[in-house]
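Letters are used for the chains, namely A, B, C and D, taken in the order the chains are written, and counting of residues starts over at 1 for each.
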């Protein structure tokens, strides 16, 4: 059964230097508060897996938490580049990071395979695509019945999955709703998992029998962090702060302005700072 | 001439017109999203729009800034997980038309959204492929929308992020791909289509007021023109109104959380 | 967009002699009314795919609709044997049928692969199991990254999927709820599909954004057949008729009593006969 | 002796006692279902029961006749598709204890639920494996419940539907299987466990009033007994009451639609 912890406790207990982690959420429910806590605790040499590194990894990379990034689309959605990601990858600031680049289909299949306990995923992908040339983790497999050649990638296996959800009950059962991305797969592909939530409730009911729910015994720690997905959003709670995504371009373009922003909004703040963004939608 | 519309609007309108009421579209952010929703709000009310975030049959009232905006889920028939989207829906062969764009395109409509310069030591590191490598091969056909610039329309792209017609001719099929690939490239100057045999992109229609010279000047290879070169009908007042209305709603909405 | 047809029209238009079909529903939502219509229309030489053939295929096999059965568990749940299935397989009455036998895991994976447009499914299965010896459609595949050997089976590809669901709207969008089995996968793995439903409604809303819904454009025909899953059940509508499952043992044990039952309850009846079982649950 | 309980009740109670509050069980229909729910309603209130129909953390008030009874879904935390159940939950390695039974078992706890006689021309065609082949290898350990009869406990089974300890010793591992396999066989006469080295099933506990002779007489191979042979504690009044209550509720419920 999941333990209900503070964010500091959850990260201290479950996330270590050098871990292979995924902090998922496909535009929706991105666990920013947890990312800030990881920065505050100064975690290092993490392998950071996310389909879209987004601002959360840009912030962590800029503060030196990362050693390797595994991703499929590395931009600031609708805005432009992830400047801290590029600065680390291209100039080694604050430290050199390596990249493993895939397509969305490859990573979605790799998360699915990880959740299913398989060693690899086979899919009809990368045909005529040059990533095959530069990524040794893209191989080929032949269908034993038709002879068709398919792409194969290793399953994603995580030390820790970190995700944000709408609700958990007191046993740590977690409900996701809306754009659910690969969060469930990430948790099921991980040895340990931290789930931040908008609300801790007595019961998740009423809900569809087929709702996207993770039982508490599949989750290591549940943390109550209202607003914890800002500047991404939480369906049914608050909207995406598109304006902040645009502002981030200027903040992150320059190393000093980035450091200043992190100092003010991360290092000198705590998870409670996110509460202001948590206003339940009508 | 001074038109009462912008070249970007012309491009979006041209892309919208290329869609039919029976299409099932895999939609990307930006011009494709504008074009698909313009089509939905004009001549193709039943068009099915699918975004890679898992939202199926979405009818956004404002254009998403990100591929996973809440608006897409709130107005969708249903939202599935991202693995299901790529496995059952895209790979499953249910998409008639996919939209792509890029930083670079070559004469066979291969696209680069990965790097300018060498992959290992890029001059410019671009966001990367995202869904493009499999969208390019799994959808029945591909429409490409791009701003027509010499630095984008190049003789040789630095990295083949997604397959178009490869080296031309039947090269695409040699990769084991059975879908049509790029059938139209819609730019702010003209509409291009691959030659039936060579698959080289050929200008089939110039937007009003655009000259051959402008297109030649804006293309990094000796661009070919169709013998039956047409002029693209200018956007109608109705098309412009619908497009500007949704863009105005979008602008208002995206400011709101500031 | 799905056409809303009568059951007779739907079967006439979409289901032909010699087709490869799956009539799915994992204990729940088994499309019995459609099975009876197929018997009335005298379809022959069908390849009948179902994880659990259940009474629906026992009835169709006993009336000579089948040529081959692909299955993973061939009993009358909680009761005993499927006598008509055994009589056909063991004694060739009314005609000889061949079998292709799998495990549940293999068939579930094969339906998933079919929906995903893949040619095969790889899974960690059949280890030390003798079905590998007698079923040539069970092969081995090696992970290109770890060298682990996995089982492989061909994806299920159907001419027609026939399923039953709770609701469809007038555009033919279909909602499934409760034990959803492999129905969605079956429809997505098929060229054509027939979905019988308890209710046709103006809108499926309100429902979870992540509900199990098939868009109308993925379905060929929707048919309104209240009670059409009896003696199985429809979550939210009526319960499983366990007593009938027990009675079937005696009815089906003997060829004449079976024929008599079919004559009275199938050949001389129509889909309306199922309406009596459709009482909405409180 | 004439007990105030049946041998079948003793078997179910013994199986229930073998479960702990921390177990995640993959439950089959019949005796396993009775045993798991008896455990849940007595000493293991938090035990997680999963049925292959996709129902997770189900708490049925009546025992299901079929693996997909509505009661299982209505009382579950959540219900997933059958492919997800077999891929993410069973193959994913989340199940601590799986239950199996069969028409035939051999001394190494391999099971046959497929055919009596040759596969191609069976004397008796049984229902088949269902989930058993992968339950047998994916769950942390396997409990087997069977009625103890000579025609079921045989020297050689006609078909290996699901792997137990194979040919004994470390043969199970030779199949690439890393899970424990059958750790207990619970019958209406006794409890058997595999010998730590040879993996041959050995009687470790006789149910009250059962003699060695009965067990020898009911087993198709020369059955071994543990040096520290125990007597199974008889069902307590509390255990019997809970078991009989749920069975009475079940009987009533299953008649209802008649």
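Methods note: a contact is a pair of C-beta atoms (placed from the backbone, for glycine too) under 8 Å apart; a residue touches a chain by one contact, two chains touch by 3 or more.
This structure is a prediction, so every number in the text was calculated from the model and none was measured.
Any chain bridging chain A and chain B, meaning touching each of them, is among C; the list is complete.
A count of contacting C-beta pairs for C-D and for B-C identifies C-D as the more extensively joined pair.
Mean C-alpha positions place chain C and chain D at a centre distance of 28 Å. Centre-to-centre, using mean CA coordinates, chain B is 58 Å away from chain D. One simple way to say how far apart two chains are is to compare their mean CA positions; for chain A and chain D this gives 41 Å. The multi-chain contact residues of chain A, meaning those touching 2 or more other chains, are 116-118, 123-124, 148, 178, 180, 185, 209-212, 235.
Shared interface positions of chain D, i.e. residues touching 2 or more other chains, are given as 73-74, 79, 87, 91. Taken pairwise by the contact criterion, the protein chains fit none of the simple patterns, being neither a path, a ring, a star nor fully connected. Each chain pair that touches appears in this list: A-B, A-C, A-D, B-C, C-D. Chain A contributes residues 1, 115-118, 173, 185, 188, 209-211, 213, 215, 217-218 to its touches with chain D in the complex. Of all the residues in chain C, the ones that touch chain A in their complex are 116-120, 122-124, 137, 139-141, 143-146, 148, 150, 152, 154, 176-178, 180, 207-212, 235.
Contact residues of chain A toward chain B in the complex are 26-28, 51-52, 71-75, 77-79, 81, 86, 89-90, 101, 103-105, 108-109, 111-112, 123-131, 134, 148-149, 178-182, 184-185, 212, 233, 235, 239-245. Those residues of chain B lying in contact with chain C across their complex are 24, 46, 48, 56-57, 73-74, 76-80, 87-88, 91-94. On the chain B side of its complex with chain A, the touching residues are 29-30, 52-55, 64-70, 72-74, 79, 81-83, 85-87, 90-91, 110, 114, 119-120, 122, 125-134, 136-138, 159-163, 166, 172, 175-177, 254-258.
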